[in-house]
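In what follows, chain A forms one complex with chain B and a second complex with chain C.
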Partner chain A sequence: MFETTVYLDNAASTRMDERVLEAMKPYFFDLYAVATSQFGYSLGIEARDALDTARAQIAGVLGANPEEFVFTSGSTESSNLAIKGVALALGEKKGRHIVISPIEDFPVLHSARALERQGFRVTRVRVDETGRVDLDHLRESITDETILVSVQAANQEIGTLQDVKAIAEICKEKGTLFHTDATHSFLRVPLDVREVPVDLITVSAHTIHGPKGIGGLYVRKGTPIRKWMDGGYQEFDLRPGVENIPGAVGFAKAVELITPEETARIQAMRDRLLERLLNEIPHTVLNGHPVHRLPQNANVSFRFIEGESLLLHLDMRGFAVSTGSACFSRSLEASHVILGIGGNHERAHGSVRFTFGRYNKEEDVDAVVEAVKEVVAELRRISPLGKE
Partner chain B sequence: MPEIEVDVREPECAGREIRVDVCGKNCPIPLVETRKALREAKPGDVVVVIGTHEASKKEIPMAVQALGLKLLGVEEEGGVWTIRIQR
Partner chain C sequence: MPLPYSAIVMEHFRNPRNVGRIEDADAKGVEGSPACGDMVAVYLKVDPETHVITDIKFESYGCASNIATGSIITELAKGKTIEEAKKLTWKDASEALGGLPPIKVHCSVLAIDGLRAAIENYEEKHGLVKERKPTTVELVKKRLKRVVNPVVGLDIVRSNLVKDVEVKDGVVRVVLDLPEDHQFAAAIKEDIVDKLEPRWDVNEVIVEFTE
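== the complex of A and B ==
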């Protein structure tokens, strides 16, 4: 009883791959020293080599140079560093205005709010009903005082992909820096800094079957940015603190294990899930873009149903999913994403997110669809909200 | 789906009785608290949930059935319902 047999919340976090753990182990027990320069002792030099190798590998998949990749504790820290670091570097010199989208994840949303409290002006650029940024409004929003635009590569809830290249080019043309939170699209949707003029990219290991507690920030060479935490001079003087070498090695291993074939397999499961849910359950609508969306993400709203009830009943049948409904969101408010794309509270409360990963099997799709059909029918039968 | 059957027999073995009072609480709190109690309960224990939210009175037996547990009874008096579940 209460055993999760089908995990479909891979956007929240993924099961770590055993091969990642194996790669990490020596850096806990054998090569545990702090990374040192060539003037230090051998154990520290070996630790430094491992860190450098991991850095080069992760930077490489972004098309970046190793010295352009800073390890952090995860996406939250990466986005804080990007936004607050640029504000520290340019707030006095250039201006005190930044632009974000209203459906960003909390690290960006709340970093912007923190800057607002310090007197910065924040423009929230319009998005359409699928969550895509209005590029004309973005262009109009950038002024001579704009120091940074931060728009996610993919949405954490509804999976909508932004036109990152178009946004990056607008920012370049307007002479402002561009940061994108690519936590959910990293390696599932191609992004190469040699083709896209983005200046800062947030990534994380735990969404790609790597360890929790390690992430990174791509910082294009020459980007004006300052560290916002005080401490030592690690990570190119941008992120103080003893380096998490086991984490970095695990992150690199996780990167190595992601393949386009795996992503295609995941997308096929997602496609089948969406097709069945939308065709077989009446009054069900897709949240997010039908085409420009993360391959692993399905998000739908079931009318006359509260997502939290559906989540609980699915949990008791062994399925783990997520909802944008109030009680289960960490903010205790209905999803700001669904509301941000013009959805009403009923749609937000009835929204359920299913996200796939490496360990899902094809049969999980039919199993969860059958469970959802049964629970939705039962809940609608007893629901005071309405009937089919 | 067939109507949920209520098992009126006494518990086969005497376990603890765990009482959950969710009077005045709305969805999904009664179901959340019931799940919490069922997690804590040991086989044989009886969880007694007392509440007032109408939808939860129907949802809790639905969950009990999905979990394969024994629904010992659903009673209501003066707008207050009592659901007894044996783990």
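== the complex of A and C ==
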């Protein structure tokens, strides 16, 4: 193993902030009881208070009411609840058709596939070469049987932001529910449910320097949805199980610590990285949208080389990044996102994602650029491609 | 958890031997493609009298194990006659590297295929080829032994994934004992097509899955 000195895979997960841990500690050792009703014992009532406070705080940054925010174990569960929960509530009553984008992250993609196996019809709406949804095609795709549209707020790999407001308005006009996976854009790109008529939003804590194992789903008041996992009556009867109070408290603390100033600092680092990579390394292309993209995300493809080799060479030099190469994936399949935006396999295999977070320093940018330049040159020397 | 690669793999990855092209090569073989995510090119210089491989170089587009196996096969083949070199297997390559993770064994197959392609190219150029053999079920099964099941790192024939093979009018049909939505279904299918489609008398390769 090699020592990682510069971590640039913050989209996968982030380093938790110490202040988050400090906020969580009392709920492991002192206020460890389950959240009881107001008629319970004192320790349980205090735990309930902590949970309610955390909920109100997180709902607040989305412009929502506390009773519209359900805690879950993370984004995967949130998106499963949104899609399968709506299907359970409306599949029989209204119809068995949903619309997604082809570049969704796996929780949405595979929840849709699971419904397909049960006889639901799934339309995958067209996206352009930057990953943005074709709004006309979306409008055409929604029928009277459509019970849900699920389109992400930001892409996990290429960082492309969708026009969530326009999509939400189309769904509202067409009378269908709209879910958005905002795991990667939460608090880095503003989203307020008082301005955007979205019905369900997936969010997560571990992508914003909070703890792993806690996330949430915003559910607009009155949205037809049923729990798909059976158990007790917790979380407004949508998510059974003993509440993760330390997690909820840590999530709320992580939310509190994100500032627009920090996002601007992160974006400046990202901008410098992209500018240098694209200008200084020939045969390098940007993946995703040049303007409508997550402030923390850079994703480029280096032609003639393969991403896993590049990743390993960078790892040996202390840099952690990610790639859409098949060799790196658990299924040996190339990134469905790069292929989904019309990129070929070579572009997917040579794609590298750099994602910034709170603990990156300005000087890291130049260090990683120098390392990438060296490694790309070495791998191109070995490669049979690009030499004619 | 340590790195998935052995120290020998890492050493060859960092310092690959015999990298590059031979401009006046006697033969060249290429296997894989950018679309598959890995590709190996092998260049040979062969003594016309003794058929000894006097020089060999390779180029690689691929992951760490692709680069390392490309490097090791050049070392294994150098100084051998083409008859001896033809008998090298992916197991020899993998063993010389101190083993490969199961999911990466297909990379050693690709490097061996590259070497074999270069030797075939030499034989064709120098009138050493016997008659072109037609594609039979037996030959298909032999080729399928070079498709690796990433779950176990063994080929799909030995790991009993191949349920049925049919060859008829230039169409090869392979039935796999694997559900279509298995984690590796798409990767294995692609590999099978890559191994069979280049055959001179094959027009179409159909891979079917069982539920």
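FYI, the second predicted complex is superposed on the first by the 384 of 388 C-alpha atoms of A that agree within 3 Å, B and C clash if a C-alpha of one lies under 4 Å from a C-alpha of the other, contacts with A are read in each partner's own complex, and residues count from 1 in each chain.
By definition in this document, a residue touches a chain if its C-beta (ideal position, glycine included) is under 8 Å from a C-beta of that chain, and two chains touch if they have at least 3 such contacts.
Being a predicted model, the structure only gives us computed values, none of them experimental.
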**Message:** Please determine, from the superposition on chain A, whether chain B and chain C clash or fit.
**Reply:** clash
**Message:** Tell me the contact category for A:Glu374 with respect to chain B and chain C: first, second, both or neither.
**Reply:** first
**Item:** Contacts of A:Val291 with chain B and chain C, given as first, second, both or neither
**Value:** neither
**Request:** Pick one for A:Glu308: touches chain B only (first), chain C only (second), both, or neither.
**Result:** both
**Message:** Per the contact definition in the header, classify A:Ser383: touching chain B only (first), chain C only (second), both, or neither.
**Reply:** both
**Prompt:** Which partner, chain B or chain C, touches the larger number of chain A residues?
**Reply:** C
**Request:** Could you say whether A:Asn344 touches chain B, chain C, both of them, or neither, answering first, second, both or neither?
**Result:** second
**Request:** Check whether A:Ala334 is in contact with chain B, with chain C, with both or with neither, and answer first, second, both or neither.
**Result:** second
**Superposition clash, chain C against chain B - the stretch among 7-15, 133-141 or 187-195 that is involved** = 7-15
**Fill in**
After superposition on chain A, the chain A residues reached by both chain B and chain C are 1, 306, 308-309, 312, 316, 327, 382-384
**Fill in**
In the complex, the residues of chain C that touch chain A are 1-3, 13-14, 16, 19, 30, 34-41, 59-64, 66-67, 103, 150, 181, 183-184, 186-187
**Item:** Touch list for chain A against partner chain B, complex
**Value:** 1-2, 306, 308-309, 312-313, 315-317, 327, 374, 377-379, 382-384
**Item:** Complex interface listing, chain A residues touching chain C
**Value:** 1, 113, 304-306, 308-309, 312, 316, 325-328, 330-334, 344-346, 349, 381-385
**Asked** Can you list the chain B residues touching chain A in their complex?
**Response** 1, 27-29, 31-32, 35, 38-39, 54-55, 58-59, 62-63, 66-69
